[in-house]
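Chain IDs A, B, C, D and E follow the sequence of writing; residue 1 opens each chain.
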Amino acid sequence: MITLSYVTSVIIFCIGLYTIMARRNLFKTVLGLALMESAILLIIVSSGYIPGGVPPIEPFMGPAVNPLPHAFTLTAIVIGASDIALALAFIIKLQRHYRSVDLDRIRGLRG
Amino acid sequence: MTLVLAIVVPLVAAFLIPVFHLARKTLPVSLIGIMGLISLSASMAAAYAGWFSPEVSLLGGWAPEIGIVLVADRLSSAFLLITGIGSGAALACALEKFGGGPWRFYAIFFLLLGSMNGILLTGDLFNLFVFYEIFSVAAYLLVAFSMSWQALEAGLKYLVLGTIGALFILLGTAFTFMATGILNMALLSEALVSVPRETLTAISACLVLGLTIKTGAFPVHFWLPDAHSSAQTAVSALLSGVLVKVSIYALMRVCFLFFLETNGTVFLAITVIGSLSALGGHLMALRQDDIKRLLAYSTVAQIGYILIGVGCASAAGAAAAVFHSFNHMLMKMGLFIAAGNVSDEKGTREICKLTGLWKEKPFWVLGFTVLSAAIVGIPPLNGFMSKWFIILSSAGAGTVIPALVIAAGTVISAAYYLRVLSAFVSPGESDQEDPFKSSPRKVRSKIVSLTIVGSFAMFCLALGIMAFSPFSREYFSSIGRTAVDVGAYVGLVTGR
Amino acid sequence: MSLSNLFDGINAPFLAAGLVLYISAVISGEWYFKAPGERVRFRVLVAAASAGSIGILSSGNWLLFVFFLEILTLSLWSMISMKEPRAALVYLLSQLAAAGLILVGTAGVYAHTGSLAIGPVPEPWRVFFMAGFGIKAAFPLLHFWLPEAHGKAPSPASALLSGFAVKTGILGLIRAFPEPFAPLVLIGTVMAFFGAFMAVFPRDIKRVLAYSTMSHLGFMTAAVGAGSGEIAAAYAFSHAMIKGNLFISAGIVEKTFGTRDIFALRGSGRLHFAAVAALTAGAFFAAGLPGTASYLLKNSVISSLGHTAPWWQPFMLTAAGMMAAGYLLNITAPLFFRDNSKNGTPKHEEGGNIIFAVLSVTILLLVIAADSFFPSILHAFRVDTGFTPASDKLEAFIASAAAGLIILLARLRLKGIPEQGLPDIKICLSMDEGPLYAFNRVSGCCHPGRLNTFVFVALVFLVLLMLTL
Amino acid sequence: MNIRPFLFRITALFLCAFLGVMLFRGIAAMPPKESVTGPAAHYLERASRETGARNVVGAILFDYRAFDTLGESTVIFTAVCGISMLFSRRKFHRSSSGLSFIAKRGIGIMAPFLIMYATVIILFGHISPGGGFQGGTIFATVTVLLCVVFGSSFESSYFPPKTKESLESGGALLFCGIGLVGLAAGTGFLSNLSAGFPAGREGSLLSAGTIPLLNIAVGMKVGAGLSAIFYSMIKMLDTTNDYREGGPIR
Amino acid sequence: MSLAFMVFLYLFLIATALVISAIGDILSAVITLSVFGILLATAFAILQAPDVALTQAVINSGIVTALFLVAFSQTERPPCYDKEEEKEE
């Protein structure tokens, strides 16, 4: 069951990376970033899973799941959110100047 | 105790600035100056503690396996010194240029300072990722601070590439955690030996890519010229001089601790990346006509030199890398401050238009000449000595091509720096007296920036001469030894 | 940096040459530069250059050798840039490349033997030393900077350049290859002949002298290759004197007549003999006629080749020696031909006080004369000055006939060669033409500015990392 | 010549697939874990005794690795400071657009319960799943809701930007203050029970030393921060709606 | 939890990811992103990680989607008022 979640997270990671490279819209780039971010979250959480585990709240009713990945995932989610928020802010300001979010037109700095 | 203060004091200063802003509209320059001094003295205290008696401070009182550990040994104290001097100079320039007005700039600056000290002192891999994230977000915002469309575009590209780098570092950290269950860097360096081969390739590939994107080495350097050339003067000086060095420290610390025994080809890859960056940076700088972009590409090349030093995986190599990053900080910050002031004064950044400066601003041009002679590697100055140490270590490690690349780099950098200098010295059209342009707009001369550039130039000369004395060479080789000696680091952290 | 080895056998001639040359250069500088600012700048630069040379001669290890070498290069670069910035840039870049190569070689020596001391270079790192000192001593394919720098520099500076700067390459070669080394002899002979051959064509006196320096350097390299470092050092000493005198006197001719083109100076010797006297005297001593020091030295170099060398090497060296007489005749004879009054009266360009020029030239001439007429000086440098044995006389005669034939043929066939003779490598660093412009257009695509191409390159880099790590 | 983008995409796809295969091989090579090993085992056994918290994840976040959480909330502080810097120069138009009356009345009723739900999540962070981050974000969603439904001027009258700024820096300073208390007590930065904080009765509201305090601090920071981000972005949007309807209200 | 439900959940996750990357209209891609976030939250719940599920649900499906929508509406709007605003600055 866990290898299944690893497979899906790797696939989603690759989909995210592909969206960043293949799409010309800036929003798609940020969406790709969000996808890659979520894939890594899935990898970390499913790495701490114990078959037949119990959530790590104190009165364990069985073999508790590894709590450390949960702490990292919490941090990673919030970091990803602040990254995406910043990226969106940049996109809004940049759209003011370029009047478009097409990557082929946002090529002012070259050479 | 002093290690935690080096991180917490700048953060508290950053949190206090909005509160002060609520009290008064524009913050007094002296207030920010005092805060700057306090946080710099905190980081210098940490550097002092780390230099003479390598120190470990357990956060929250937990043992290294359980909680987070802050470690200060000679390598991190050397880089603390670099960031301290660099950010102090950048803060002084920013204060002189902006005054107290943009208080958010200073809040982000102090956050950057705190996160830099965090990266340099942390002994925990995930904590390194978190501080790296604060460091990068603050860097994106400082790049975009001037709000011009170039700065915003450079900020966005830096953000997207930086976030992809951070994601790969997070992926590498996730893999190491899955393989070993530990996150303390010292314990990891022991546990990584038993990790299977494929996982080790995945870990090393992800970490090396993430850190290389952050340092701006050649294949993934695209954000660096845009960011460094479109940022403000003080910010681009800070970016080139200090921020790059912190990423290089992270690369050194991770590679020396994890991959020294387990995966030797990482250092070969770093040498190849270094040589590529050196050549690519110099060649691309040769074709630039915007002075700040030229200096930015020259930074890419100098990063290549440092990476060649790191790639030798030897004590001499690490010492040469640290010495060159210190020299490069001095040289590049002076160059950026001088170039920034000169181009602001003339209103343009085209090299061919920055003429007639020898008469108008002789001291700036003199400082620029000495520093560019230093960065090219002309003998009496320190650039020559650090270049020599890197060539020595790369020949010692048996690789000849990087040494030849550095020799070729000297020639190419001499070519493009001379093009800039000949433009500066050539008699500009402004010689014939233009009644309207020069008289009314008497820009108040930048005393602080001029003293900084002058003192950096003097420092370069002194270091160049001092590097001959065995006394200073002993210092730098001790840094190299501590960087490479993984056993001592692990013993220090775990107290065995 | 012990001063003890400042006066050992090899360094003495260089030291003597440097001493005399710097004195005469400073004196001629007083006369050559009109503006007081330029004069002060020239004095400071000569002081820096002499400090560099002293450092080079007395440095104990290769690092200091390169350290002072670059200081010497810097001061000579700024001297040349006083008159011709572009040639100075070419000179600086080539010398920096040479210093870089030697630095790499030194690092290799340190890695190989663990010490930086100057001494024979172990096998794998010789190619760096040869390449580095090759650029310094203008080996055939690495000589592109020599005609540019020597031809266009102010004459006191080019006197220093030809006199001492190029000789540091020879000094390095002597230090690095004390025992006989066959490729050096080959390069030396080729260089001697190539220099002499190229010296025949240019119409500019200084370019002729520059190429003649190259051919004399060929002789010295051959001597070093043959293992006799002392002869090369002695040769360097006498050549420094001769070349210093020739360049300064060429400067006098240029100052008085305003041009260096031998066609324009036709017959000017009749009008103003004093200006041309130094040049003719220098040419006489440089021509290597029997009895003068350069003849003795040329023969000692050829005899030092010994019997192992293939037959054509001594032949080419003697031919080159003879051609020296030829091209020097080229630049001095027309001065005394019947003037067809094309160029009118000589235009007196008022330089500084002419006394200084005369003084510097006389010093040099005195030393050359002493050097030629009292061979005992050469004995001090352990040079065997016996005349060439009879059997070689025939060979010498054939060589001189061949040389005369080549000069005659060249003079007739290639009459219309433009001013700078065969096209040298024209390096120009302006962005609008030349190699830099082509490179600029090609490398435009290296930073396309599109975000997804950056990510694509990062991914390719990651896949490569995955494969190799 | 449209062959280039197609070729570009195919190679990108192929490289991503190859990267995925290499990553999966890296993961598959690891031996599957049956039980929790390393420091996590220590956390599971002794978390309630050493920190007094029932929720082990909360204990890790706010006690064992509290420095990470400090770093984490500083990331949000930087993002907020930066975004308001990016949008600071735009002149501030007070605008009062809003949805229909039914939506306003419905949300008016729900809003207090949402805020109470957010405070419950924050305060019970060390007992049940939840904590500073989740509670703060729920609070931010409430402000977003108010912005959308009642218009940004209504929301800014209830939560003016000045208080958001002070709330945010206040939370950050509270966090560092608690840490410095631990440092003053001599047992290291951000130390909990060993620095003399009362462990309190297991499972009760006021137990587990500093963890609830840190939860509140982070909740203030995250809540105020994210709503400040949303507010600085949305205030530009409002100007456009009014512009069309009848001119902006200056 | 039965394996079938997990397989269905992961397939649906991959499907939404493909929709996000493939679809042309940004608005529907953002909506799909919030659906993706909710599915991921359920996956975390199944993997016995309640904290993470709550955070993921609130942050990635809540605030991030809201920010996306705001940013999207800022850029889509024909900035007719821009000229008037440009001169104000």
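Everything below uses one rule, namely that a contact is a pair of C-beta atoms (placed from the backbone, for glycine too) under 8 Å apart; a residue touches a chain by one contact, two chains touch by 3 or more.
None of these values were measured; they are calculated from a predicted model.
Using the contact threshold fixed earlier, the set of chains in contact with both chain A and chain C is B, D. If you take chain A and chain B together, the chains in touch with both are C, D.
Of all chains displayed, B has the C-alpha centre closest to the centre of the whole protein C-alpha set.
Compared on C-beta pairs in contact, D-E and B-C come out with B-C as the pair having more. Computed from the mean C-alpha positions, the centre of chain B lies at a distance of 36 Å from the centre of chain E.
Here the CA centre of chain A is 16 Å from the CA centre of chain D.
Averaged Cα coordinates give chain C a centre that lies 73 Å from the centre of chain D. For the pair chain B and chain D, the distance between mean C-alpha positions equals 31 Å. In chain D, the residues that touch at least two other chains are 8, 12, 16, 19, 22-23, 27-28, 33, 39-40, 43, 55, 57, 65, 68, 72, 75, 78-79, 82, 86, 89, 129, 131, 133, 226, 229, 233, 236. For chain E, residues touching at least two other chains, in rising order: 50-51, 55, 59, 63, 67, 70-71, 74.
Contact with two or more other chains is made by residues 7, 11, 13, 15, 17-18, 20-23, 26, 29, 43, 48, 55-57, 65, 68-70, 74-75, 77-79, 81-83, 85-86, 88-93, 106, 108-109, 111 of chain A. Of all possible chain pairs, the ones that touch are A-B, A-C, A-D, A-E, B-C, B-D, C-D, D-E.
By the touch criterion given at the top, residues 1, 4, 8, 11-12, 14-16, 18-19, 21-22, 57-62, 65-68, 102, 104-105, 107-108, 111, 114-115, 118, 124, 126-127, 130-131, 133-134, 137-138, 140-141, 144-145, 147, 171, 175, 178-183, 196-199, 201-203, 205 of chain B touch chain D in their complex.
Those residues of chain B lying in contact with chain A across their complex are 126, 130, 133, 137, 140-141, 144, 147, 149-150, 152-157, 159-160, 163-164, 166-167, 170-171, 173-174, 177-178, 181, 183, 225-226, 229-230, 287-288, 293. Those residues of chain D that touch chain B in the shared complex are 22-23, 25-30, 33, 37-40, 42-43, 63-68, 70-72, 74-75, 77-79, 81-82, 84-86, 88-89, 162, 165-166, 168-170, 172-173, 176, 179-180, 182-183, 187-192, 194-195. The residues of chain D lying in touch with chain A in their complex are 8-9, 12-13, 16-17, 19-20, 23-24, 27-28, 32-36, 39-40, 43-44, 47-48, 53-57, 60-61, 65, 68-69, 72, 75-76, 78-79, 82-83, 86-87, 128-129, 131, 133, 203, 222, 226, 229, 233, 236. Put simply, chain A touches chain E in their complex at residues 1, 4-5, 7-8, 11-12, 15-16, 18-19, 22-23, 25, 27-28, 30-32, 34-35, 38, 41-42, 45-46, 48-49, 53-57, 65, 69-70, 73-74, 77-78, 80-81, 84-85, 88-89, 91-92, 95-96, 99, 101.
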